[in-house]
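We call the chains A, B, C and D, going by the order they appear; numbering starts again at 1 in every chain.
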Amino acid sequence: MKEWFSDRHLVFLVAMNVVVVLLATAVSGGLFIDIDNLQSMGGQVSELGILAIAVMLAMISGNGGIDLSVVALANLAGVVAGLVVPHFFSPDDAPVAFTLGFVGLSLLVGAAGGLINGLLIARGRMTPILATLGTQLLFTGLAVGLTNGSAVRIGYVEALSAIGNETLFNVPIPFLIFIAIVALVGFVLKRSPFGIRLFLMGTNPKAARYAGIPENRMLVFTYTFCGILAAIAGIIIASRTSSAKWDFGSSYLMIAILTVVMAGVKPEGGYGRALCLFFSATTLQVMSSAFNLVGISSFFRDMAWGALLLLSLASSRFDLRAFWPLIRSPG
Amino acid sequence: MNRKLICSALALAFLGAAGTLYAQGKQQTITTVVKITGIAWFDRMEAGVKEFGTQNAGIKTEQTGPGQADAAQQLRVIEDLIAKKVDALAVVPIDPAALEPVFKKAMSRGIKVVTHEADNQKNTMVDVEAFENAAYGARINDRLAKCMGEAGKWTSFVGSLGMQSHVQWAEGGAANAAKKYPKMQLVDAKTESNNDATKAYEKAKELLRKHPDIKGFQGGSSVDVLGIGRALEEAGLQGKVCVFGTGLPSETAKYLESGAINGIAFWDPKDAGLAMNKIAKLLLDGKTVTDGMDLGIKGYDKVKVTKGPGGGIVVKGQAWVDADKSNYKQYPF
Amino acid sequence: MNAVASALKGGSHMAGVPHRGFFARHPESFTLVLIVAVSVIVGSINPNFFELSTVFDILRSSTVTGLFALGVLIVLAAGGIDVSFTAIAVLCMYAITKAVLGYWPEAPFIVIIVSGAIIGTLLGACNGYMVHRLKAPSLIVTIGTQYLLRGFLLTFVGTLFFMVIPQSMDNFGRIALFNYRSATGATAILPASVLVLALAAAVTWFLLNRTLMGRAIYAMGGSLAIAERLGYNVRVVHVFAFGYVGLLAGIGGIVHASTIRLASPFDLVGTELDVIAAVILGGARITGGTGTVSGTLLGVILVTLINNVMILAGVPSTWQKVVIGAFILLAGAVFATRGKK
Amino acid sequence: MPIDTSTQVGNSSLQDSGQPFLSAVGIHKRFGGVHALKGVSLDIVPGEIYHLLGENGCGKSTLIKIISGAQPPDEGHLIVAGRTYSELKPLDSLGAGIETVYQDLSLIPNLSVAENVALTEQLVATNGRLLRRYDRPTLAQTAVHALEAAGLPSDARFRDTPVELLPIATRQLVAIARAIATKARMVIMDEPTTALTQREVDNLIRVIEGLRASGVAVLFVSHKLDECYAIGGQVIILRDGEKVAQGPIADYTKSQLMQLMTGKQLEGRRYRANANWGEIVLDVRNLGVAGAFDGVSFALRRGEILGLTGLLDSGRNELALALAGVRPADRGEIRVDNEVQHFKTPAEAIAKGIGYVPEDRLSEGLFLDKSIRDNVATAVLDRLLGRFGMLDAGKGDDLAARTIKDLQIAAPNIRLPVQSLSGGNQQRVLIGRWLAIEPRVLVLHGPTVGVDVGSKDTIYRIVQRLAENGLTVLIISDDLPELLQNCDRILLMRKGHLAGEYDAATLQEADLYHALIGDDAEEVRA
């Protein structure tokens, strides 16, 4: 039943991708599937997609799990690394060392921030929504305080810049990172003891405890992992913008949550698929880029996103196959 | 169902092949990207953008921007435009630093880049400034000082600590007061209003409680003066406390009338839009802007050209406008 | 059955029932303690805090948040969550302001606020119907409607500020319930709009505690399946609970525009999580079935207070977010450990 | 208007006429391809007690749901108090005076006792219109009467306590109080005694007898045949969706009933063959948990099956939780294989080979919408690894397949969610989870709660086989025949202390029962 449902949801998401791409290609006269546009979309979808994966993991862990601090933490990681690393490695003389230092420190900050979330939720028994709202303010506030609110300019560092802007076999590196993370998370969720335990814990925390699943350790680990994912998004952002700033991506949080719920993740925990999340993220991205290309306002984009989400709900409730002939022949 | 998916994929590939054969028109496109679409300020700018388009055959002008004032959303819009292969971009960056790589990419693909309100932007060909930010802040501060009798407590607001121009105005004002008016005392500087009139109102109330003897407010974001003005009006302090800051005549009208706001300053976004597009056209034609040049736009009739922080130049006009109760009606926006 | 036997059995029936302390039975009293603590600390840093105008300002700032929070309380108590109420509020506020200015500028305030209430209720009821009909988690449905409604507003209704709002709204925003002139000559006003909050709080309290609907809401929040089995019409309860959020959101939107005397379509959306946090800090559980009106009001006041004393307490603007975040974590953590027996 | 509910309950003219209060006529119900009810007809007469018996999956719960209005029948109709319905809605059913107490008791956990007892009456009175003011004084009054009639305290403190804080036995009585408050004319109880101790069952039976005497029809669903005999009345037996027998229970012997239910020959026998015990595996010394029990010492040998029973406040539950590491002991020590252990989490207890099958299978044991395989493998995921530290799907499948075979679990596919199984099979999945850890000691807490007769038999045989193979088993149960049938020794706890140790082979049920009730019984009877 569940497998069937999720498959149907996956089919819906893939179908939406195809429909939007076909429509946009037709309307734009092929410009939409031009390599430049595909690369541009691939680069854009990654940071949001990675943030959404973090939110998804928190949601799977159950008990009202959610991570509202991911965007703040991504920015904080970039800000801290951008402020500290230049004191140790010169971006001009040792670009590779600088980049490694930047990546390392960002991940460290992300892990530390995630650890704080995990401890507050596991040890402090705080409601995740409240705990991560508090840390969201805390992380943002730290980033503001450390920089007086202005952007930290990192400048052009070849190796670091490559992470966000270069391509490998014509595929943007951020997109490769995103795919790698989707694959990794999908594999871990499905095949690792950790993943199985996370799903079980999200389904029934009490039974999980009786079954010897270490609830606290699982929560701390999960939120720490969320923090690390946030930091990876932060690195990509820093690389794509050559800078770090506390208010970058202020609209990302809601979009990340939208991506997650559109992927069919249950807010009450215990269910979520990385592959669905991937297609959910690409659907939103493809719609967004298509509207930009055709010159439709981004307000309309928001409206279309909302409508699509409600449609996806309806699709899992009602059989939309009756509409297949309509969807299949656009334009 | 799988077969249907495969069919769809094939159809997609076919359409793609057809699409690449489709040639673009020869008209050159200048796209203006603003901080956020829909608000009065940038609607006024759009008037300038459209005007330029109608004046210049062979140039297609359009304006777009994100729905939220988020640097990330603006970055995405610009990336999509680069993929769309526009000929020139005229951008009002939310966060200049965040756009450096994308502008670099745009220029490397032969797209002309003009910016506005971003005098620290490295990767731009021309940055157009209506004026010098610090000087603008100092000028507002001078008017405030005169109103306050050059003595007493005053404070400054910014829309957000992340908005560099707002911070420059506040700091320009502070430096000016420190230099010229020793009896003026700056308290709790750079209060954030989050670009929200309600928040500005609440913060102003709190400041009034903390400093009952405060004499002046310098607003940053264009909505700051609205919130401050309302707070003063309610406290019955209009006329007793001075309020100056950036603001739009249409939005501040009723407070200017009531005296809760003493004066506003601004530059005409329509002219800024015209100037950006004009310069973009020059760049497309292979020309550039020189010191003292007349762009044929009010306030930009004798521009000052300096070298920018990167490879490009900074073009500064004298396009600021001071307005108060007596003359705000001359500006229909 | 004699008295001895029933007394004996009474003992065994209550055996194992943990003795619940005062704070456990009244979580909202803990919020009150926090409010007092913050007041004392800020007051000792800056005596200017202890002024009547502080109370007025906090009440005024709490009005619209409070209206939203009462709605959120109902939905949380019913076992759901709503993040679309800000979008409903801003849509009602802006669309009605625009319509009134365009077609009937002298419309009386009562007409304006009633139409806000009606539109809000209808939009909220749609949420409730979808939650029920699609058997979907309310978080998902309301994220969808938030995007849908705000997108609709900005695409089709308009994007420009109205600096001049209808006269009757403006007048309503200026009605003073209480005037007070401080020693420094500044006037502090308690606006009549707080009466709307007081009225809404009273109605919500009555609804929750004196009607079958209130019991049905808590019952559904406790267990939807059992409530349905016991004969509660959960479709009606869903539609009612979300419709009530919409009602309060619609009224809140109109009151918001009236008090700030401008209508901006970009307003309000983005504050929904803060409102939910305030309700949780007022003792309601995110898992549903609990929450009181008094706790919710105290939670709103606590959050408003902490946001409005940063300057008074002398926190520089660069560090204010850190302090507020740390405070929420502290309050939340103490709240959570208090919940443990 | 004050009503003395205790006397007016079920007062109806129908009682005297001998007319049925409810008739079900030719009820059919299908779920997909499963024909759950195949034309069941029955009559319920006021003032009579019925026992609806049958194995899990025989259609009992479907029938109850149709009578209570939770599901519509596909064919057939119901006649309630003279009115014919092709389908009942929950509110119709309640309004007609049918009160259904499901296994979860249908109590709203966060509402107070008074509200749970008396709200339904007001809901019925307003015909489900929710925007009515609810009458708090009447609510309190109704609640007081009903609580007193059910033998519960009726003071304000008790009335205002949220139901979720009450012990399960009290909740059961609260549910009955609700039936009294709604002036029910028919009460359906789905396995009402599963979570109750013996004394609480006695109390419940007394209350039900009171209901019956005042003309209420009572329909029981139960797996405990001994209790059915104790209560008396009619039996209705369902098998595979058909009614196979109905008549006074006294006309049937226990083995006849079992044969009718299962279609095969079963007998209530002692399963335990004297086995050879080995060395001491579990040694508990002076164990104590503050406020629950203290000074508990006993030792368990390899291959031994020990029973433990006691009233709800005896501390037996807490002792089980302490052994499982769920609620750490405050005093004393637990030795496993002569090593002192201080379990602070279930994981530590599991690491030392203690498996704990909790009492509440649904909320504490199973992950209902996860697969059988995941449920079985939960505690041993680390042993199923293949390359890169990832799970080897084959190993997991093998484990699940082995468990299904060993424990005779009726499941077509190991990937099916556990909730698709019957209670007995679910319980075996749970036992399988703990067998997978190759435990030294298996603690079974209420191993056959809600399990039908056939499955019970299977589970007992499995437990015996495990013990013969050297597993040490501790069974904590209220089901005295179960303990007598399965254990070597039986420990009795009372008020937080060990109060007796008995040899199961020579012990009579009546003696154990008397020891369990102890002095309290005398006091209550006085």
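Some points to look at:
What we mean here is this: a contact is a pair of C-beta atoms (placed from the backbone, for glycine too) under 8 Å apart; a residue touches a chain by one contact, two chains touch by 3 or more.
None of these values were measured; they are calculated from a predicted model.
Each of A-B and B-C has its own count of C-beta contacts, and the greater count is at A-B. Chain centres computed from CA atoms place B at the largest separation from chain D.
One finds 71 Å separating the Cα centroids of chain B and chain D.
Put simply, the C-alpha centre of chain A and that of chain B have 31 angstrom between them. Separating the centre of chain B from that of chain C, both taken as means of CA atoms, is a distance of 35 Å. Note: centroid distance chain A to chain D, computed from Cα atoms, is 45 Å.
The multi-chain contact residues of chain C, meaning those touching 2 or more other chains, are 154, 159, 318, 320.
Those residues of chain D in touch with two or more other chains do not exist in this structure. In chain B, the residues that touch at least two other chains are 37-38, 67, 161. Every pair of chains in contact is given here: A-B, A-C, A-D, B-C, C-D. Chain C meets chain B in the complex at residues 46, 48-49, 51, 53-54, 57, 61, 154, 159-161, 163-164, 181-189, 256, 260-262, 264-267, 307-312, 317-318, 320.
Across the interface of their complex, chain D is touched by residues 1, 4-6, 8-10, 12-18, 20, 210-216, 218-219, 221-223, 226-233, 236-237, 240, 289-290 of chain C. Contact residues of chain B toward chain A in the complex are 1, 4-5, 7-9, 11-12, 15-22, 24, 37-38, 62, 64-68, 70-73, 75-77, 79-85, 95-102, 104-105, 160-162, 164, 167. If you check the complex, the residues on chain B that touch chain C are 36-40, 43, 67, 161, 188-192, 196-198, 201-203, 205-210, 212-213, 226, 230, 234-237, 240, 250-254. The part of chain A that touches chain B in the complex is made up of residues 11, 14-15, 18, 21-22, 25-26, 28-34, 36-37, 39-41, 43-44, 47, 144, 148-153, 156, 161, 164-165, 237, 240-243, 245-252, 288-289, 292-293, 295, 297-299, 301-302, 324, 328.
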